[in-house]
Structures are given as C-alpha cells and as structure tokens.
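Order of writing sets the labels: A, B, C and D. Residues in every chain begin at 1.
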Amino acid sequence: MISDEEILKSKDVPGPTKEEIRCLVLCKARIKKNDYVVEVGCGTGAITIELAKKAGRIDAIDKNIKAINLTRKNLKKQGLLDRVNIIHGEATEVLKNLKNFDVMIVGGSGGKLQEILNIGSKKLTENGRIVITAILLETKVEAVHTLQNLGFKTEIIEVNISKGRILDRGTMMLANNPISIITGYLQ
Amino acid sequence: MISDEEILKSKDVPGPTKEEIRCLVLCKARIKKNDYVVEVGCGTGAITIELAKKAGRIDAIDKNIKAINLTRKNLKKQGLLDRVNIIHGEATEVLKNLKNFDVMIVGGSGGKLQEILNIGSKKLTENGRIVITAILLETKVEAVHTLQNLGFKTEIIEVNISKGRILDRGTMMLANNPISIITGYLQ
Amino acid sequence: MISDEEILKSKDVPGPTKEEIRCLVLCKARIKKNDYVVEVGCGTGAITIELAKKAGRIDAIDKNIKAINLTRKNLKKQGLLDRVNIIHGEATEVLKNLKNFDVMIVGGSGGKLQEILNIGSKKLTENGRIVITAILLETKVEAVHTLQNLGFKTEIIEVNISKGRILDRGTMMLANNPISIITGYLQ
Amino acid sequence: MISDEEILKSKDVPGPTKEEIRCLVLCKARIKKNDYVVEVGCGTGAITIELAKKAGRIDAIDKNIKAINLTRKNLKKQGLLDRVNIIHGEATEVLKNLKNFDVMIVGGSGGKLQEILNIGSKKLTENGRIVITAILLETKVEAVHTLQNLGFKTEIIEVNISKGRILDRGTMMLANNPISIITGYLQ
C-alpha cells in the first residue's frame, strides 16, 4: 500500500482515498491474482493503483475527464499504466458492454448507485463481490438496502480512524472523516 | 450551551472547545449553583462562558495574555464579564493563593499537569471534582495515573464526534479530532 | 447527571441511554426552567430523570407498559415521580391531545418517526426544539430529511464514545455503540 | 482475509484480532513474498494465518502454552501448519537466538514491550518494519516513544470500527473496542 503523500491530487477530483480505507477495501474485495475487477468512479486512481498490483484485469471507469486524467497520471507515476483499462464514460452505460467480472468496486456513483448495483450485479461471476465506499448517510442506507434486495450477503462497517502527529510536546491524534465500506458477497 | 460559531477566536489561542465537549465537561463536573470553580487554561473562554451561567464563583486562569484578553472579550459578548475573576498567571503559582474550591477544570496545563493536579487536589473541598480535557496521548495517561495516585475515583472517556453537513446530494459527516475527558471524584 | 449504574434496568426495555448521551441530549434540547417538554419513548426513564430536574412540565410517553412501569420506578427512586406525567399510549395518538409544548425528545418511535415528527412539529411553540436519538442508520436519514422538510434548522452529530477500564496493567478503552443525535430548531 | 467466525477461540487466550485490524496490520507491515516475519504474542493465531499466506518465513512466539496450542489448531484448520515455526517461550529470550528478520509484529508483550522493541530492533534487516497493536493507553504511548527513541520513522493510528447488524427494522451499528496500530519503519 503506498502512502497518501505519494498520490497526485487535484482540487477538481475528490479523494484520494486514505491508505487505511484503500487497505480495507482491498481486503473486503478478496482480490485474487486472476480476478477481473471493475472500478466505478476511480477518482484520483488511489484504489486503482492497488488493484493494478493485485488483480488480473482492471477496468477503471469515471465520467469526469479530470478524474480519468489524474488516474492515468497516478498509474504512470507508479509504473502501472499498462495494467489498467481506463474508461471515460457513464458507468451505467459502460458496464453494459463489459464481459462478466469477479469484483466491482464503487468509489463514486454520481447519484446512480441503485442503477449501477442493478446492472453490475447481473455481470458478476459466481462468488462475485461488490464493495462500496460511502461518505453520505443516504448512500450508506441505499447501498445496504440495494445489496440486500439483490440477494447479496451484505456487510457494512463504519470506519473512524485518527492518525497521530508526533510533536515535541506529545502525540496529537487527528481524525479522518468517517467512511462506511459496504460489501456484498454472492452466496 | 452556545454554538461554536458564537465564540470569538484567535489564531494565537487554541480552541475554542467544541460545543459537545463543553457540554460533557460541564456534566462531568456536576456543577451546582453555589460551587466555587477554578478553571486552569481558560483559552478562548468557551468553557468559562458556560461556567459563568451555572456556578457560584469562577476563577479563570491562563498564563497566555492573549487567552486572557480573548476570554474577557467572549465573556463580555455574552454579558457575563462580571461573573468571572480572570487571572493572568502561571496556574502553579496562582492556585496556591486561592481558597479551597469545589471544582477544578483543566483545559490546558502547559506541560505542568502533574504539578497542577498535586496543588489543586489539596485545595479541593469535600466531594470536590477535577475534570481534565486532553488531546495528547501522553496527557491522557498522565492525567489518569496522577488522579489515581492522588486517591481520586478516576474516569476517562474518549470522545469521537462527527457532525453532519447537510448538502443537496446528502448528509456528509465531518469528524472532530478525538478528545479525552478525565474526571477525578473525591471519594 | 446520575451515573448509568444508578438506573434500574429491565431486559424487556431497551436502554438505559448512557450518561454521555443523556448529557448531550439535554444540551441540544436547551432546556429552560419553565419549558414544557414531551418525551416520546421514555424507555427506562433515564432521560426523564434529567428532564425532571430541569424543565417546568414533563410528559413522558411510551406504548410499552413495561417501559412505563420502569420509568415510574426510576423516577420514584430519584424522588422525582411527582415531577412527571407518565402516559401509557401510542405517541401518534397521545400527542394530538396535548397542548403546545417547547421541546419534544424522541428516544424511540416504533417505526412511526415521520408521523411523530409531523404531529409533534405542529404542536411546538415558537423557538421550539426537537431532539431525536437514533441507533439505526435508516432512522438517522429519516430524522434528518423529515426535519429538513418540515422547515427546521437541522443538525446531526454521530457520537462514538469509549470508556476506560482502569486495570493494574493499564487503561483499556471499551467502546459504546455509536448513536446519532438529530436536532431540529424552529427558525 | 478469513472472517472472525472461522477462527477457533478460547477463553484462556485473548483475541482473536478482528478482521479489519488484521487487514490493517498486514498493510502496515508491507509484507513481501520472501520476507522473514517474527510475530511476538501470536495469541489465537489470527494474524499468523494471514502471515502464513503471504510471507516467506514466519516464526510465531507466545509464552502462553494455551496460545501456542490454539495457534497450532487454527493454522492446521487452514492447512497452513507447515508454513509457520511455532515457538513457545519468552519473546525476550527467543528473539536473541533468531537470525535477522524483515518484520516484527507485536500482538502482545506481557509488560515487556520496551525490551522486546530494543532487542527486536537490533535484529531487523535494512528496510525492516515493526508493527504493534495496542489496546492499553499506556502501551500506545510506550510504543510510540520507544520506536521514536530507537530512530524509527514512527506512525500511530487509532481505529474505531463499528459493524452493522442488519435487522428487519433497520441497520444497527455495533462498536468494536478501539485499537491503535503503531508502526516503525527503518529509515
């Protein structure tokens, strides 16, 4: 897992997803070497980088051209550009044209989470997994309920992490904003 | 409890203590109408304001003249200036000259927590209470151990609060940094 | 604020609301001496006790007869029974027959939160406040959106508190489950 | 990462370390395929299992014979027993006889953290890492300071995770106790 500081940022692209959340997303996704992984809303490419080191095939989708460009830059910086198919487009359209995949990771859904989960869930291979990160209360509820309705074994964790700033006078803990990770496993 | 926005700030003075922490400090201190309360490290005066509404006599101490001035301004803004004795000085010195008090609240200790607790604890009336807020890991441990050694019934809570920003697209939770509140009750 | 240990419990009644949450609910409700406060879902009576010490008139409602009995016992134990009108019934019915009140506190809503807020909000005096505690994700979202739609200045905080167990070998922090406190202020 | 439920437990052995914490420990340890990893205080073997899947050589040490037996059982259950050297003994003694290693993970230190870190740090290869999990406030501070004094690039995170129980009436979040993960990187 690379550190947050190594990831190029942009004020026009949300993120990057913090190291610990990237780590937990990868664990929950149970990525195996030959997995075909689709990432919806790749943003800065922070998670894409980690997928590129572990999975077999990766498609990274974003509708924001600035996110696409930033993901490309970050992958290039890490020498991983040739490991990922970067796709600029609306996930609800792009997903329809993909072959079946093993894992879908949703980092951003632009208000179309339900549609993305509906379409994506139909494209999952046996033992497929969907992992969603959510910062909005409403998205957390929507993710849990949609996965439940689609028949997934559904899990939600809420993650509150603070990180120490080690000063001369002592160790001050600085909080990251809480994030939920919602996972659906095909049973 | 006034809102965080009502409190005047300064970049030279740490704080103000957030509304929820002020609320919990006041609860833990079990302030009664006639209590004589001494506040060490009044900072912006955020807690002082609440003490001024509830306690009988309040002495607010800070060694930072900018904190003293800011506390005065904040009390004045709330119409509570005449309710508080504001004392500029080193707490370890000031405490020695005070009469016995019912409650000591320590918002800042400038690296002298142990000495402040030693002196302060000797000035407590029967059923006296000491409440300490701590953001440094080291201070949390020091506060617990010193109160224990001084024979107090000691309690520590760690508080992680996030606050919603209600946007058109949903409710985003933003984290405050974790703070511990350590309380000693004379048994 | 009395300690959690002082409150009588029952396995048939959820709660009691932990000390720190009671403290924050009372702060958010901005209880004044002459306020008429209505509590929906009083449960063990843990919050009722604190209201009884601070407000002018208190009506505590619960549809669960075991909660009603437990609230009565807890108030009696604290010598506060004559300070509260305890009402056994469905809040959506009971509220309709009450005069206008200053504060409504909702500790439990039995799946009827929206209706309770709709009815309650019409009974609020000028500067009225509604405070809701929520442990379910779905209730948090519903509370925020209903208060927003009813025109309240709406606030939500998520509270994660852990409490130290001070052992010989050190201080172990034990987590309480996260709770949200949602507040609506009439503007 | 296997789920918490798959891990055999015992009331005589603390743990198992929860899935999310195991995941974060592995990430922070930056385990590579040929790494030689030493685990001090293997407890239930929950982390040992994950090390056994990723590292080159693993030595798991515990002074509690019941922990040793449980670690053996859990490794056997996962078909990983031949991947780990299980060593019953006092870490401060055992460590001295080991060759240099790449990673040391400290899950339990029996009050000898400083000594373990002193000895372990001298056995680390270039780019070596030490990862400590701590539940006691005092251990958190001791871990940070000892690693700092030994010249490590030191990091501390505090992890508060709650997990959803998805019920008919909604999603209730249940908190795990907070844990700190302290990491030292040789610079």
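Basically, a contact is a pair of C-beta atoms (placed from the backbone, for glycine too) under 8 Å apart; a residue touches a chain by one contact, two chains touch by 3 or more.
Just so it is clear, the model here is predicted, and its values are computed rather than measured.
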Comparison of C-D and A-D by number of C-beta pairs in contact, larger one: A-D
Per Cα centroids, the chain farthest from chain A: B
Centre-of-Cα separation between chain C and chain A, whole angstrom: 38
Averaged-CA centre spacing for the pair chain D and chain C, given as whole angstrom: 42
Rounded Å distance between chain A and chain D, as computed from the means of their C-alpha atoms: 27
Residues of chain B whose C-beta touches two or more other chains: 137-138, 141, 144, 156, 158, 160, 162, 164, 171, 173, 178
Chain D - residues contacting chain B, complex: 137-138, 140-141, 144, 156, 158, 160, 178
In the complex with chain B, residue positions of chain A that touch it: 111, 135-139, 160, 162, 164, 169-178
Chain A-facing residues of chain D, complex: 1, 19-20, 23-24, 27, 30, 141, 144, 148, 154-164, 166, 171, 173
